[in-house]
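Take a look at the structures listed below.
What follows is a pair of complexes built around chain A, which joins chain B in one and chain C in the other.
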Partner chain A sequence: MIQYIIRRLLLMLPTLAGITLLVFSVMAMAPGGIGANLMTRGGDMRPEERAAMVAYLNQRYGLDQPMSVQYLRWLNNVLPIGYTSTPSGEREFGFKQPDLGMSFVKNRPVLDLVADALPITLLLNALTVPFVFIGSIMMGVYTARFRGQALDVGIGTANLALWSIPTIWMGVMLIGFFASEQYLKWFPTSGLESMRADSWTFLPTHTPDGWQHGYLLDLLWHMVLPVICLTYSGFAFLTKLTRSAVLENLSADYARTARAKGASAQVVLWRHVFRNSLLPLITVAASILPGLLVGSVIVESIFSIDGMGKLVVEAVQMRDRELVLSITLITGMLTLFSYLLMDICYALADPRVSYE
Partner chain B sequence: MGNRFGVKDLLLYLFLTAILASIWLAMVQIDRQWEFISLTEEQLEEQTKDIAEIRRRLQRGMIPSAGYQNRDDNESGLNANTKSWRGFERALQAQQQPDYAQGDWLVDYFPDNLLTLTPSISSDTYAAAVQQRVLDTLITRDPETLEWLPLVAESWQISDDGLTIRFKIRDGVTFADGEPLTAEDVAFTHRFVMDERIAAPRWRASLARITEVTAEGNEAVFRYEEPYFGTFELAGTLPILAEHFYGRYLESVEAAEEFNRSTGLLFGSGPYRLENPSAWTPDQGIVLVRNDRYWGAAQPPFERIVYKVIQNDAALLTEFRNGDIDFYRARPLDYRELKDDAEVAKRAQSFQYYDARGGYAYIAWNQLNDGTPTRFADKRVRQALTYLTDRDRITNEVMLGYATPANGPFNPLGKQLNPDLPTRQFDLDKARSLLAEAGYEDRDGDGILESAEGEPFRFKLSYPSGSDDYKRIVLLLKDLYVQAGIILEPDPLDWPLMLKALESKTYDAISLAWSSGFEIDLFQFFHSSQMATGGDNFINYASPELDALIDQARAEMDESKRMPLWHQAHEVLWEDQPYTFLMRRSRLDFVDRRIQNIQRVAAGLNSPGLWQMPTEWYVPAPMQKYQD
Partner chain C sequence: MSEANMPTPVRSEETFSARVMRQTWASLGARFGLGWVAVVALSAVFAPFLANSHPLLMKADGTWTSPLFIHLTFIDVTLLAGFAAVVAGWMLRRRLSGSQALLVFLITVAVAATAGSQLLNPPQAVIFDQYRTGLAAGTIEQAVFVPIPYSPTDRSRDNPLSLSAPDRGHLMGTDEDGADVFSRMIHACRIALGIGLVSTGIALAIGILYGGIMGFFTGWVEILMMRFLEIFESIPQLFLLLTVVAFFGRNIYLIMAVIGLTSWPGFARYLRAEFLKLRQQDFVQAAQAAGLPISSILFRHMLPNGVAPLLVSASFSIATAILAEAVLSFLGLGVVDEPSWGGMLNQAVGPGGTFAIWLATYPGLAIFLTVFAYNLIGEALRDAIDPNLQQKAH
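Up next, the complex of A and B:
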């Protein structure tokens, strides 16, 4: 087992190098060049200012060097082993601090940007994923149990309908009807906290002016609409997956045996069948993990939330190479790790799988 | 079987996760409180210093000399001795209103995130809008007459050759922490920006014209090598940075690097300040609080100016309807609908106006593609196309009347525009005869013009993709041009491709817009020296006559002599039509009703976001909505 894990870990290195090389080449080949977009945000710029800016970026990030040199330099920077230049200008080979570099556009360390955006995305997903999974497992099991009946058809149709609604439309409708004074002003329209949340306590408190709902409730209150947007379309797929897995196992021999030895329908369903139906769900769970880290750009931009989705899309649009490469590296690494984890989980969950 | 993972375990894990998440959130909250406490401590320290200073002065029998002394003993607020306070005249007049009151917040919005608020490394207009409220400049403009008024500078003197400008710094100007602002700080600002270690290449390039800035007593002296009409504005509108705050970033390379990476080092002497001027990050939200030590004659009315970031259009409109933001900058279609909306009319005032600094949209005709002259190199062709470009239909049909036709690069609200030049009206016959003169005729009877070589007149008009207005204008032009037998092919381009086309100058024609200022310099766009790669004369237009006029006007320091030169330059452009000037958009703003004293002025609106200008807007006490 340990040998297997080590082999898999070593295999990751060329895979990651391949991924970053591919992304790097695509960025390098994109028309307009890397620095082009840096010029537009400022709008009007005098020629001498533009020339100064181009020269500055070239000098600072080595953009005038050949592409291969630029890639190797970047690779050297992100690796924990490599060349460093000493203050005296000499090059030394050895262990060093990996450096993900600076975002061209935002002029901040990439790590800081990711550290700002990732917790927000994780928080949103931490609320969304349990809803989606618990909801679809329940629905999947019951639709399988009452196959062909009104409940099955109803849930199936409803999920299909939800799945077909575009998020962008749903988001705008939710804001229009549930965050507008013209209709129902139940929720805030954008952001993750109220303007004055800074000065509030964490938990709800009673003040002389009345109840003040506090930082935590304020945050949750702001997250209701985004979480609805992230959740509703996720049910369909997982429900169908659970339903087919449960159906398959319900008609399996061991389920009949269990029933024959006198186990109640509930026990057969939940203790025997349900557990064996979880395997495909593990597969899916591992494959959606990288997606969760990248976030949803649509939901984030509708509700003005600064998560990973917007960071990634903005980086690509602005050709912010260091940022794109670093996020690719991080998500690539996490994807490969989650695949490894999934394979290990298989071995643990299914006695037939072994890596010896 | 019995000890396998069950529903109860699942609940337990969920419970544990919830607890961990709450602990994490609680830690975040504690962090915020810690920040709040350290801020309070800082403020307390500053106040203690202030009290000590006042006590010292009282013991010596000195009267505190800071600020504007004549305010109390003079009813009108101004007399002959306080001529140097003219920059505050309008704000003081606003304070004379019977319902004037301090307090309340102004809630504005930005459609995009700010990257950094640190001056000199920020590059977007949003950061500039915030910095304008926090950093002071030496002089400001009168929004009605557009003449220069003293602000931090009490008076100024320009040498006869125009190469030395001396600004006398007013006594008693202090930064937001109570430290005095001196001529040293002005000199420091220049030194700071010019330091190669600071990542301000853009600002550095624009200040390169200044040879040196020195502090001589209470005077800040700017020196130049050559006369240029913009030198006074360049010096006078330099945002003043505090040496005691920014100075430490010049001490070492690491410190400079820390500055370059900062997100919110914003500190100055303006009417508003950041609550925590050294550690702002984009996730904190943009909140400016009133600078209670503001040195000016008129104290700022709003307690806070808050900028929300709202990226989605639907959310933006909903927030405005809900009253969560005080502004809504509409597009023509929105404006027409919302203007008559009873709900909106009840809570908002609408303004349609032209900004004296508003830019213009144009079509640029490339005269030299890949080294060979294009058909647009012929003046008659460009004139004919201008005759075909029905600007009245563009402004009325596409812009719904919320734009005005442009006939040159100069703003009609400024003094540079030559008022004697008419705008060419749509004239199919004139266009046809000009094109025939230039050798374009329909030789094969298919309705399309051909050149003498039999090549049909067909060209690509590039425009920024994703802009609905441009798209509609280009489609209208296609219909108009085809009447004269010219085929226009719309060519929407993404920004990077657009910039590449401009740089390599491989395009037929491009429709874009330039932003503008009170007095603009034509050098950048139309001087033949700017045809070099990277210059903004990307149409390869060269006119020795215009070059000479531009050179003369730039070196002329006397406005009364310079304006006739700009008028002549305008005439050359009008005749040559290197661009077909399209239109100037009007600004369409909705502002919350509770905000009073919004006036139309020559420059546009007397809005607090216009430029360094003491705020004239206020909310009467009974209408105030937010309190600290």
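Up next, the complex of A and C:
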């Protein structure tokens, strides 16, 4: 198993290099190249100031060098092993601090920007995933149990319809009906916190000026619509999968044996059949995670939430090279790690699976 | 064994493709899906004759002219010619083979496109409201308009109405620039139809070539190609799409190409799995023993036997491509100045928390129905092509 994990981790390296190289090439081949946006700024500068800025940018990012050199420089910067230049101008090879660079446009370290944005996206997804799984497992098990009856048909049709509703439409409709001035104004339209939420206590409290609902409730209140938006489309796929797995196991020999020895229907369903039906769910959970990241791009721009998704859109719109490359690297790594994690879980859940 | 003892071969009355088509058509969902796709296709082809500010016929200074025909672009003409070729091919379907029909279609489209771009010369600067003001002032004596007398980019400068609710003049209201939403809905069918078909076509072509080679050869070729495929699979499509559009400009053909170039790995995987099974079969080994060239074995003998599952995923892939373009337009990175359902949806919620329900309902419903239609067609095709899958699912 250890050997397998190490092999998978090593295989990630060429894949990540390939992804970043592709994104880098797209940016490099664009008309004007990577630096075009930087060079056009500062139109009111005097010629010598402008020349100084160009020289500084060239020195810092190597924008005057060939694209292949620029990519290798970036790769050298982000790797934990590589060349570092000492103050005396010599180059040393060895371990070093990985450096994701500075955002061209925002003038802040990329790591800071990501550290601000990533927890928000992870929080949204951490709330979404349990809802999706619990909801679709319950629906899947009961549609299999009452197969062919009204419940089964009803849930099946509803899920198919929900699955086809595009997230952009769902988001706009939710805001329109539950957050706009014309209709119900139950939820906020954008952001994750109210204006003065910073000064509030974490939990709901009584203050001299009256009831104050606190930071936590405020956050949850803001997250209702985005989480609904991220959740609903996942139901159809997972419910169908659970349903077919449970159906297959319900007619298996061991389920009949369990019934024959006198186990109640509930015990057979939940203790015997359900546990054995979990395997396919674990494998597909991996394929859901990248989808959730894409989903956050849409949901975060609909609800103006400052997460990774919004950062991605901003980065590409500003043509911010360092930010785009770093986000490519980070999301690529998250995706590949989630695949690996699911493969390990699969082996842990099913003793018959072995990667030796 | 003498000839008399030979068992008579069992012959099916209908071919495989005829059976698949019959069973697909038998499904209610597929009928609905095909019906809606037909509506979208017809709207796309006849868009200038359904919604246009230019009158079909106009009498000014005593002479009759047709501004609509003067303003037809080569895209309009190409679409009409393509439609005519499809209709002709359908009427002659008993006389022409599949490849002949395809050839005729491609030649017609190519001729129409080149002739159109050479011969047609629509005026660059267009004043849409000249007809309405002319009619009111009396300089235009008579004019016959098409059912919706507004072009998608007609911002009605003579009577600015931004974000007005549906009424008699504008059946689906107007958008924030004052353009007619119904007209934009009809013209946006072109992007929806084109993006799905073209990008899936590109993905299919690459996927078939790549998957076929990967499924036939073994050893290091397969390992290398598999690695490369995994890299492509790990790239988030939306992310690459955003990057390309931001760096290269918002061009519809570019968007089609990028969606096509990022969605082929699924096709390649399916075809590889099919080819791995087919490789062991007698007819392939016979073809190899007969000394046929590899391209002939791969694409003439194996491909027709392994292509069916690809059709299913092509249908789903069209739905995904349409959705991807809608998301891109919704994020404000879609095609400039061309109507698109996603871009219209983006205008529904104003910055001040106002909500234009007509801008949310109609484009949203159109995206939903189109995606749903292709998904339904895909499911019906899958049930028809692979009866085993159908039994497993129930």
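Just so it is clear, the second predicted complex is superposed on the first by the 320 of 356 C-alpha atoms of A that agree within 3 Å, B and C clash if a C-alpha of one lies under 4 Å from a C-alpha of the other, contacts with A are read in each partner's own complex, and residues count from 1 in each chain.
Going forward, a contact is a pair of C-beta atoms (placed from the backbone, for glycine too) under 8 Å apart; a residue touches a chain by one contact, two chains touch by 3 or more.
None of these values were measured; they are calculated from a predicted model.
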{"item": "Contacts of A:269 with chain B and chain C, given as first, second, both or neither", "value": "neither"}
{"item": "Touching partner for A:311 - first (chain B), second (chain C), both, neither", "value": "neither"}
{"item": "Larger contact residue set on chain A - chain B or chain C", "value": "B"}
{"item": "First, second, both or neither for A:124, with chain B first and chain C second", "value": "neither"}
{"item": "First, second, both or neither for A:328, with chain B first and chain C second", "value": "second"}
{"item": "Touched partner set for A:30, first chain B, second chain C, both or neither", "value": "both"}
{"item": "First, second, both or neither for A:52, with chain B first and chain C second", "value": "first"}
{"item": "Chain B versus chain C as contact partner of A:225, first or second or both or neither", "value": "neither"}
{"item": "First, second, both or neither for A:14, with chain B first and chain C second", "value": "second"}
{"item": "Chain B versus chain C as contact partner of A:191, first or second or both or neither", "value": "first"}
{"item": "Touching both chain B and chain C, residues of chain A", "value": "30-31, 172, 175-176, 179-182, 189, 301, 319"}
{"item": "Chain A to chain B touching residues, read off their complex", "value": "30-33, 36-37, 39-56, 60, 102, 105-109, 116, 123, 126, 130, 171-172, 175-176, 179-182, 185, 189-191, 193, 195, 198-199, 201-202, 215-216, 219, 270-271, 275, 301-304, 306, 319"}
{"item": "In the complex with chain A, residue positions of chain C that touch it", "value": "227-228, 230-231, 234-240, 242-249, 323, 326-327, 330-331, 333, 342, 345-346, 348-349, 352-355, 357, 360, 363-365, 367-368, 371-372, 375, 392-393"}
{"item": "Residues of chain A that touch chain C when the two form their complex", "value": "11, 14-15, 18-19, 22-23, 26-27, 30-31, 161, 163-169, 172-173, 175-177, 179-183, 189, 240, 244, 290, 293-294, 297-298, 301, 312-313, 316-317, 319, 324, 327-328, 331-332, 335-336"}
{"item": "Residues on chain B engaged by chain A in the complex (per definition of touch)", "value": "1, 4, 7, 14, 17, 21-22, 25-26, 29, 32, 36, 107, 113, 115-116, 121, 123-125, 199, 201-202, 204-206, 208, 260-261, 263, 281-283, 285, 287, 306, 308-312, 314-315, 318-319, 321-324, 343, 359, 494-497, 499-500, 514-515, 524, 530, 534-536"}
